[in-house]
Amino acid sequence: MEILVCVKRVPDSAENEIEVKPGGADIKRDDLVYSVNEWDNYAVEEAIQIVDRVGGSVTVATIGNEESEEVVRREMAMGAQNGLMLVDPAFEGSDGRGIAAVLAAAVKKGKYDLVLTGAQADDGAAQVGGMLAALLDWPYASLVNLIEVQDKKLRIGREIEGGNQEINEILLPCVLSIQTGINEPRYVGIRGIRKVASVEIPVKNASALGVDTAAVGQAGARVKRLDYFVPPAGAGAEMLEGSTEEITAKLIELLKAKGGLK
Amino acid sequence: MQPALLSPANATLIGLPAKIFFVLIPLVGVGVFAYIMKHRMAPLLKAAPDHRFNRYPERIRAVLKIWLAQWRHPRYLLAGVLHIIVFFGFLTLAARSTQLVILGFVDGFTLPGFGGGFGHVYNVLKDYAGTAVFVSAVFLAIRRTAFKPERYEVPERYGKDHTPEAVFVLGLICTLLVSESLFDASLVAAQAVQGQPTHFLSPLTLGWFFRHLLDGASQPALQGLHLAAYTIHDLTFFFFLCFLPMGKHFHVITSLFNVFFMRLDTGTVKPVRHGVEESRLDELKSFGVKKFEDFTWKHMLDFYSCADCGRCSDRCPANRVKRPLSPRFISIKARDWCFQRHPLWGRKPAESAALIGGIYSEDEIWSCTTCGACEQECPLGIEYIDKMVDLRRGMVDEGMVPQSLQKPLSALEKRGNPWGKMEKKRSDWVAGVGDGCRVKLFEKGETAETLYFVDSITSYDDRMQKIAQATARILCAAGVDFGVLGKDEKDSGHEVRRFGEEMLFQALKEHNTESIQAAAVKRIVTSDPHAYNALKKDYNQLPPVQHISELIVEAVGSGRLKLQAGSGDSKTYVYHDPCYLGRHNGLYDPPRRAIDDIPGLRRVEMVNDCRDRSFCCGGGGLMLFYEPEEEMRMGVVRVKMARKAGADAIVTACPFCLVNIEDAIKVAGLEGKMEAVDLSELIDRHIQR
Amino acid sequence: MAAPVFAFVLHKDGKADDTAPELAAAARLMRPDAQPVAIVTGADPGLDGVCQELAASYAEVWKFSGDVLAYPNAEIIRNLLLKILPKGCTLLLPHTTFGMDLGPGLAVKMDAAYVPDVTASDGVDGTTLKAVRQEFNGQVSTHLACDISQGAVISVRSGCFPAGASAPVGGKVIDKSTEIGELSARRRFVELLQAEVGDVDITKEDVLVSVGRGIGDKENLPVADDLAKAMGAVVSCSRPVVDAKWLEKSRQVGTSGKTVKPKVYLALGISGSFQHMGGLKGNPFIVAVNKNPKAPIFQMANVGVVADVLEFVPELTEKIKASK
């Protein structure tokens, strides 16, 4: 099976405190640590496991610049056979649809049976996978937490509300967005990354992909982000102060009144 | 005068001169033994290298102390003393056994120098030695079968009980002793019957008893017994010789070598591969131990040498809390696996299967806290820590790292600390030190004579920052000119290395070494034993490193630091030896002296579980993040030990010990009844300012 | 009727989803020029009841009843919507697992803009929608602008656009089942596997003591158990506690866990992510204990205490026991 996994280099939200620059044009990026988007990492691990079972190869692709290369290399260190960089100044400022358009062009240039994305990334939009599928006119399923390969189709599970699992059958080729927890990604250490340090990763630009630059980038974006801001803190909770004695006494009073103590 | 009985060399057996048999038996015996030994040696010759042919004076000293003087045996008194008897018995009887073998074809043979006076003395010694061994062996067999000491038990998952093997060997030993004594006794009895002068049999020895038992036996009976005893001894001796390399009694042969080649330093970790410098590690195709053949020859020798005594597992904290790790079985399983993979006859299985997922499980290997209690106990000098580290290196190389450890490792790589906190906050704790104490910051270009290497947990953890602050105040009070690296300091990488992520460790080491060298300090002091051990043993090209307890003792001794009694010091304190200060670095006394320097402070000891028998608190560094399968926490076991010793306050000199013990106090429901305090905090409270 | 603004409404067991009136409210805000139309699909008899219910908040309810729509399969529903929606229209969806499955692809096929997970809106300025969404796991918000004149699919976060108490609209229910026609998709629904039911059903409890990452370790759970026992409550938790395998999934409160409607909810060491709070419905009295004074939970709680859970809670438990 030839699998393409789309990955994104994002600020590590667990290890960073995200703050807004004065004026709100962007977040403060100087002290940020970046890594591969967590959902994408699960997708790559899943792809590697599928290929281990049924044969084929995994290609990891990203849209970005030279800094983004490190995440592709890391996923290759994990076990993906191929990497692919999609780089062009025209891509910058793209909205979700623009990103999907570039990826669709890359998919069309290859021969893939399956395309995986992470369910969502740092902007929480969870949109690229679905848009990519629609542009390719391939079937789609989001929030996938189970994949079984069958003949020309997949049996998949989607994580839905209440922790329930929706089982579907989906025909190949298709696009799936992967939810965290589908597997346990293997560890990639510095050594693994050093081993792939000198592997060539092909780079393709807009013309190599046949992408219409008017449809992507800042110009092609329909949803425009105006600024970043932190909402003013609302009234919020009544904070109890004082000694532990005082606080617990007040709390017990309130709990009794609200029916919290039986 | 004719000898009272026909000697074996002159006798006939089934119509042939017995000599023939008594030449054949040794020939075949030695031949089979050599064949077996060749097969046992084979894997060692193809194993990974291990640089042990060095430091001969130290090695000889180790052999004299640990092998010959059986130094570690009395730590388990009864078994220890019995083994000493058996050991010295064997050594003493070695000469006699050799003589006996040759007697079979060289009539009247005695070893050179054993004729005359010395020979007589020797005979007396060997008789008592043999009797003592016999009594011990019988006692040991009873102990094994009737009393079944806990540490010999074999949990179900490790297979069948080992008692039959043990009793069988004790039986062989008794057979050798009885047959040798009967051989002597039958001759003396015959001499008596014939009115010849009798050879001397030391009173109350086995031979002496048999001789009296045989009183009145007929000449033919005695002759038959004499020859039979000799034959049985010869056969049993060579059978035993060939049986030795088949199981745990291989240690009889390998112990001398195993101790000679044993680890001489504590707290160190072997290089990824001996002979490959750190700068060339990238060239290695594979890291760590993945299959049996990846072990070094010394580690394979360790497996051969395990005497199955169970002392390591008995002291192992992971085993005590029922994690899936028992050091004894790390050795036994590997030994059995080796025997299986390198059989004495038949073909070798072609593919060498992976150890992890085969004889070992992932959790089994991650469960080890590297406390070193196992290596401290082993009377044969078997090593475990390096094996664990090598197995972990293998797992890391294959990406088999538990999810709970991946996050801190990734954080260490990106931010230089396992919590992923920002570098610039590493010296935030300085603000809370207090007026009158100046902590210099090398990151700001200041200079000082001493570097206080804080390391990650003490820098970032809310509770542990108090240790840093107390240590800073102690340094100030002692008049030390010191500074901290702040954001230029990264985690020492101590556990990173011991958890198998060697390359990340190398990166941290390189970074820290540069920062330290740039600070141009004359010495380093730390309050974290893991950092202490890392800087001392894992790093090089650094100025001398001290632990804060050493500095406190020096400062009090020279009068620069004065301690006073505290108000309300009514507690009874007990000192818990951190593994990396105590066992791995021998610093048992400085912390105790520092505590005792506080006037009026009451201190007790956890008598059987202190100093090199200290019980690990649960582990530090990355071990804080690992989620083990266990029935209780190591910290809880330790806190209960402290309580039993009559203490209501535990002093420790390691931030990880403090975390684990404070946690354990809560889990054990002893809040308010037991306090935990760091040495620095305790001293800081009592400084006369 | 004025131009329609559409909302796709989900339902279960004959009742419309809680988000239905919220979608109507959001629709009115974003398209004040338009009348909200609800689209409902299904195959069971309860569908009629759902439509009647929706008529209270929507000007029109379009009903599509057919076997092929028995289970809401986003791939099939997309094809239906492409058939029946007028070009350039605005469609609202709830930002649920269904909305996330349907929205992006639908927007592309409609050649419309996609605005996901909107948490607030200032309405439209001409044909430019002004909305707010969050990024970086809720740590920051962004203002965005989107021209919706050529069509838009907008997904809305639940609980952000309150329905408001207005008089029932008295909308019309229109049965459009005949327009379904042939619908195919390359994805087929097979079955639904329920999450395992544990020993305790937290959805039925009135008082919950809920623990998050702040409980520190599995061994500290007795701290919460003791408090729950003293209060006559039951212990629940947030997702990280389940991921770490300290508690079973049946105890998880959140969008990927259970939805609970207690009277009183104690959030101990819980940061207050929207995925967790999304499982908390009704209007419970929320008490938050967390050692981080900036934890988002303090925005949503009624009462807050800045303290270490492991130090504060045992004290509270003692006092409660003493007060009985």
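Going by the order they are written in, the chains are A, B and C; count residues from 1 in each one.
One rule holds in what follows: contacts are C-beta pairs under 8 Å (C-beta built on N, C-alpha and C of every residue); 3 or more make two chains touch, one makes a residue touch a chain.
Keep in mind it's a predicted model, so treat the numbers as computed, not measured.
Chain centres here are means of the Cα atoms, and by that rule the chain farthest away from chain B is C. The chain pair with more C-beta contacts between its two chains, of A-C and B-C, is A-C.
Chain centres here are Cα means. That of chain A falls 48 Å from that of chain B. Chain A and chain C have centres, each the mean of its CA atoms, that are 21 Å apart.
Averaged Cα coordinates give chain B a centre that lies 59 Å from the centre of chain C. Taken residue by residue, chain C touches two or more other chains at no position, since every residue touches fewer. For chain A, residues that reach two or more other chains under the stated contact definition are 17.
For chain C in complex with chain B, the residues that touch the partner chain are 217-220, 244-245, 310, 314.
On chain A, the positions that touch chain C within their shared complex are 11, 13, 17-18, 20, 27, 96-97, 100, 119, 122-131, 133-135, 138-143, 155, 157-171, 174, 181, 222-231, 233-234, 236-240, 244, 247-249, 251-252, 254-255, 258-262. Of all the residues in chain A, the ones that touch chain B in their complex are 12, 14-15, 17, 31, 33, 35, 78-79, 184-192, 194. Across the complex, chain B meets chain A through its residues 281-282, 287, 396-401, 403, 405-407, 409-411, 413-415, 420, 422, 424, 501-504, 507.
Chain B meets chain C in the complex at residues 404, 627, 633, 663, 666-667, 671.
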